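Some structures are shown below for you to check.
In the two complexes that follow, subunit A is the common piece, with subunit B as its partner first and subunit C second.
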Partner chain A sequence: MDKILRIDMGAEGGPKITASPVGAYAGLGGRSLTSSIVASEVDPMCHPLGAGNKLVIAPGLLSGSIAAMSGRISVGCKSPLTGGIKEANSGGQPSQMLARLGYAAIILEGKPKEDKLYKIFINKDGVKISEDKSLKMLSNYQVVEKMKGEFGDKIACISIGQAGEMRLPAASIAFTDMELRPSRHAGRGGVGAVMGSKGVKVIVIDDAGHTTRQPKDPEKFRAANMKFIEGLRTHPVTGQALPSYGTNVLTNIVNEAGGYPTYNFKQGRFQGAAKISGETYAELETKRGGLATHGCHSGCVIRCSGIYNDKDGHFVSKQPEYETVWAHGGNCGIDDPDKIAMLDFLDDDIGLDTIEMGVAIGVAMDGGLLQFGDADGAINLIKEVGKGTPLGRIIGSGAAVTGKVFGVEKVPVVKGQALPAYDPRAVQGIGVTYATSPMGADHTAGYAIATNILKVGGYVDPLKPEGQVELSRNLQIATAAVDSTGMCIFIAFAILDQPETFQALLDMLNAFYGLELTAEGVAELGKKVLTMERDFNARAGFSKIHDRLPAFFKTESLPPHNVTFQVKDEELDTVFNW
Partner chain B sequence: MHIKVKLFATLREGRFTEGEREYPAGTTIGHIIQALEMDEKEAALIFVNGLHANTGDELHDGDTLAIFPPIGGG
Partner chain C sequence: MTTLTFIVSSEALKEFSQILQRGFFVRIITGSTIEEVLIEQMGIKGEYIENRISTIFLDGHPVDDLHDTIIHDGATLSLSAAMPGLVGATMRRKGAYASFRSAIAYHEKEGAGARHDHEGLIEVKLFNLLMAELGPHFFKKGVYVRPGDLAGFISPIMAELGQGCRLILLDDMPVSGDDVMGILKGMGSDLIQVFVIQQKDVVS
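So, the complex of A and B:
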């Protein structure tokens, strides 16, 4: 990973490709690299869909090596949804392949002067870019099928669906999984709209002729990787619960804890939760010949995903994640696992963030456009987004826009981005993360659920404000660092609880790069990333008033525990004081 | 006293999903976990009426006890 691929989409005479050494960006990867490039090269006041914005796609520091779990990829830009900096990450195969081909990042910059749509092909011989009118308004599954026909099935794809082409603020970027399905997404913040604005429909990668990246100290690296894998296998969360039930194992516990946002954040428990729980999905998957345990990329040893079939045994979608099941399920009063899986497929196919879509539909339900519980109505709305009808474009613009259009007061967003699947009144630590993360409301940015609900990394009472700022601060720092390694964030369950597994991760980084990184060094990297991101946001016009939850979380109490969000504004302002 | 017991994920294997039972006054969560032949490591996350609880806590008539193994996601 010693070079950066830049494609100037707006160059005279057509897109111009340059590959240059990483230079000043050496030693960075994943989020630390995308955020560094965006912070130093993008004018914070640019329009997110304009020539001044850049789309940066970067494998992590350990991607492409034999390190387990190292195939996550980061996408960065100025977000059309939040107006601030964005890093959205995804699983899938492209990260490992790009890293093996030697690319630390792909940067799409400039903007085509005419309305043209391109495909990019990258292999050992270099990079080709060509216009392809036939791809216009194809869905993700369609475009990948077409690329398979053209380039064979040993490829991986990074693509946008119709939503990205329409430059909708909820558009995602799809990354193909091991079966070449565009089912893994950099979902949040409208990164797909930025790819659409650059006129790029798909990036096809073929890494034939390249093998894994070699560490500086192969012996030490192999030993550390083995210890790391052993730690993941023996921890009960990464070794048992996640493989068996996937992320959706959370439905029952978050519901039990009274923090499951239901009917657009009106109550903390959903009557139909058991019908859409991870336990139910796993049972259906096994019964119908799908898979309850499956990895989103090769090299994953946790394998939290799965394959969901219909009752006749036909593929519907990958196993919907907890956030998706919640957003399209309980949040909208929908308790039918088949309909939710169909919504998951439609989002993946059209190229939409499932969280933003579920929350936008919940807001529309609150505004009277359709009834809570109307699963077919929700499916139709997503189809409208794909068709680009005026109503579809409103929903595809996310929860904040939908709330304005339908005159709704309760619009659960921070910095314009929809809140995920935990009510911040019943899980106050995650409320601090939602409010203060430079990304807008994002649960992965500092996953306080671990300590508030799951008792991983200690315990902080979820219903009280005490200790939440410190918890969120530490998690946000650690996450910014982990997001830079290419490691899946779910390794956190094991590394928070088991010092030897954390040490194995450090040993891997050190053996790979010939470094002597300590735990403090990792924290320093996390702080550096957050500082850069906040600085970009400040220059884009954000101030402390943007680090707040919507007012109703402070004034309306949430049943069953009848709590409001209690962390004070002044305390929120201290999250980044280290 | 009347207690509703709910089990989740792997804890259901060979046991049950949900049941309502009578227990003598003074029964603690630990007693029920023992009676269900779970070791305390398995019964990692315990809620009574939606609030985190500990094995030593006594139960009261009408309580809902929910027990989860170690789990995670996101």
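So, the complex of A and C:
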């Protein structure tokens, strides 16, 4: 990974390809690389869909190696949804392949002067870009099928569906999984719209002829990787809960805690939760000949995904994630697992962020467009987005726009981005992260990372209400650092409880690059990334008033515990004081 | 009290375990602590509780202290293994991020801790890994459910259950799978006691 591929889509005479050394960006990967490039090369005041914005796609630091869980890929740009800096990441195969081909990042810049649609092919011989009119308004599954026909089935694809081509603010970018299905997505913030604005429909990667990347110290690296894998396999979350049930195992406990946003954040419990829980999905998947345990990329040892089939054993979608099941399920009053799986498939196929779509539909239901619980109505709405009807374009523009169009007061967004699946009135600490993350409301911005091991911040008594701001700060620092390694965020649980597993991760990085990285160094990287991102947002016009939850979280109590969000604005303003 | 006993295959037992996440009732001596109820009354080993049941809710409130938290008549006790996500970690007993949910954490009301030892009924919910691990234990001891809830649960899976059910006993009298739905519908709302036992356990 010693070069950066730049494609100027607006160059005279057609797109211009340049591969150059990583230079000043050496040693960075994933989020730290995407945010560094966006922060230093993109004018914060540019229009997100204009020539001045750049779309950066970057594998993680250990992608392409044999390191377990190293297949995440980050996408960065100025977000058309939030107007601020964005990093969205995804699983799938492209990260490993791109890294093996030696690319630390792909940067799409400029903008075609005409309305043209391109495909990019990258292999050991170089990069080819060509116009392909036949791809126009194809869905993700259709475009991948077409690429298979053209390039064979040993490829990986990065693509947009119709939503990206229409430059809708909820458009995602799809990354193919091990079965060459476009089922993994960089979902948040409208990154697909930016790819659409660059006129790029699909990037096809073929890494034939390249083997895995080699570490500087192979012996130490292999030993650390084995220790890391052992740590993941023996931990009850990464070794048992996630493989057995996937992320949707959270439905029952968040619901039980009264923190499961239901009927557009009106209550914290959903009567039909058990019908759409991870336990129920896993049972259905096994019974119908799908899979309850499945990896999204090669090198994954947690395998939290799955394959969801219909009653007749035909593929419907990958196992829907917790956030998807919540957004399209409880938040919209829908308790039918088959309908939710279909909504998941449609989002993947059209190329949409499932959280943004579920919340937008919930807001539309609140505005009277549909009844809560109307699953077929919800499916039709997503289809409308794919068709590009005026109503579909409104929904595909996300929850904030939908709320304005339908005159809804209760619109759960921060910086224009929909809140994920945990009500901040019940879990107030996560509300701090929702409010203050430079990404907009984001459940992965402050994850359950081992802040104690990273030594960020002092001790916070877990059983006292004080310290939520400190914890959120520490978690955001730690998450920014781990996102920069390109490791799957789900390693968090093992490194939260097992210092030796975190040390194994550091050992892998050090053995691979010949570094002497320490926990403190990782934390410093996290602070550096957050500082860059907040600086970009400040230059884009953001201030502390944007670091707030919508007012209704403070004024409307959430049943069954009847709590409101209590963290004061002045406390929120101290999150990034380090 | 009506009893319904299902002698089933291991596959059908797994299918039945799904009902445990919806909730069932257990008779206990109320006024006892959670620890006493789990260990002494339900027969769950202390080591298992310590290592496996990392997340406990009482009436929807995450609980940190099992030694001092009293279970009252009519309470709902939910048990889960360690869960992913920040919120999963947040809900853990005495977890590093417990302060995140301090607004909803369980706190014993003043004076409510007084012990009144009498028999009562609580609702229990088992989630995720605990469904398979503790399910057979509870099914063997018998769980209480409302006939309507049981009918609602087994109705959509009756065909599969039919294949896995070796014998069904209503108060020790054999009944056919086809009759069960009708029997449940005619029972009213009084709780019935349900046993689900693997065939291999009966044979041995």
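Structure notes:
FYI, the second predicted complex is superposed on the first by the 560 of 578 C-alpha atoms of A that agree within 3 Å, B and C clash if a C-alpha of one lies under 4 Å from a C-alpha of the other, contacts with A are read in each partner's own complex, and residues count from 1 in each chain.
Quick note on the criterion: a residue touches a chain if its C-beta (ideal position, glycine included) is under 8 Å from a C-beta of that chain, and two chains touch if they have at least 3 such contacts.
The structure displayed is predicted, hence computed values, not measured ones.
For subunit A, the partner with contacts to more residues, out of subunit B and subunit C, is C.
Of the two partner chains, both subunit B and subunit C are touched by A:561.
In the superposition on chain A, A:267 makes contact with neither subunit B nor subunit C.
Legend: residue contacts after superposition of the two complexes on their common chain; A:280 is shown touching subunit C, with no touch to subunit B.
When both complexes are overlaid on chain A, the residue A:142 reaches neither subunit B nor subunit C. After overlaying the two complexes on the shared chain, residue contacts for A:503 are found with neither subunit B nor subunit C. Look at A:531: by the touch rule set out above, it reaches neither subunit B nor subunit C.
Judged by the touch definition given at the top, the superposed model places A:389 against neither subunit B nor subunit C. By the touch criterion defined above, A:430 reaches subunit C but does not reach subunit B. Common to the subunit B and subunit C interfaces on subunit A are residues 236-238, 240-242, 244-245, 247, 249-250, 252-253, 256-258, 269, 278-279, 304, 322, 443, 447, 461-463, 490, 493, 560-561. Interface residues of subunit A, counted against subunit C in their complex, comprise 236-238, 240-242, 244-245, 247, 249-250, 252-254, 256-259, 269, 274, 277-280, 283, 287, 304, 322, 422, 425-430, 443, 446-448, 451-452, 460-468, 471, 475, 490, 493, 496, 560-561, 563, 566.
Residues 6, 8-10, 12, 41, 44-45, 47, 50-52, 66, 68-74 of subunit B are the ones touching subunit A in the complex. Looking at the complex, you find that subunit A touches subunit B at residues 235-238, 240-242, 244-250, 252-253, 256-258, 269, 278-279, 304, 322-323, 443-444, 447, 449-450, 453-456, 459, 461-463, 489-490, 493, 560-561. On the side of subunit C, the complex with subunit A involves touching residues 14-15, 18, 21-22, 52, 54-55, 57, 60-62, 64, 78, 80-91, 94-105, 125, 127-129, 131, 160.
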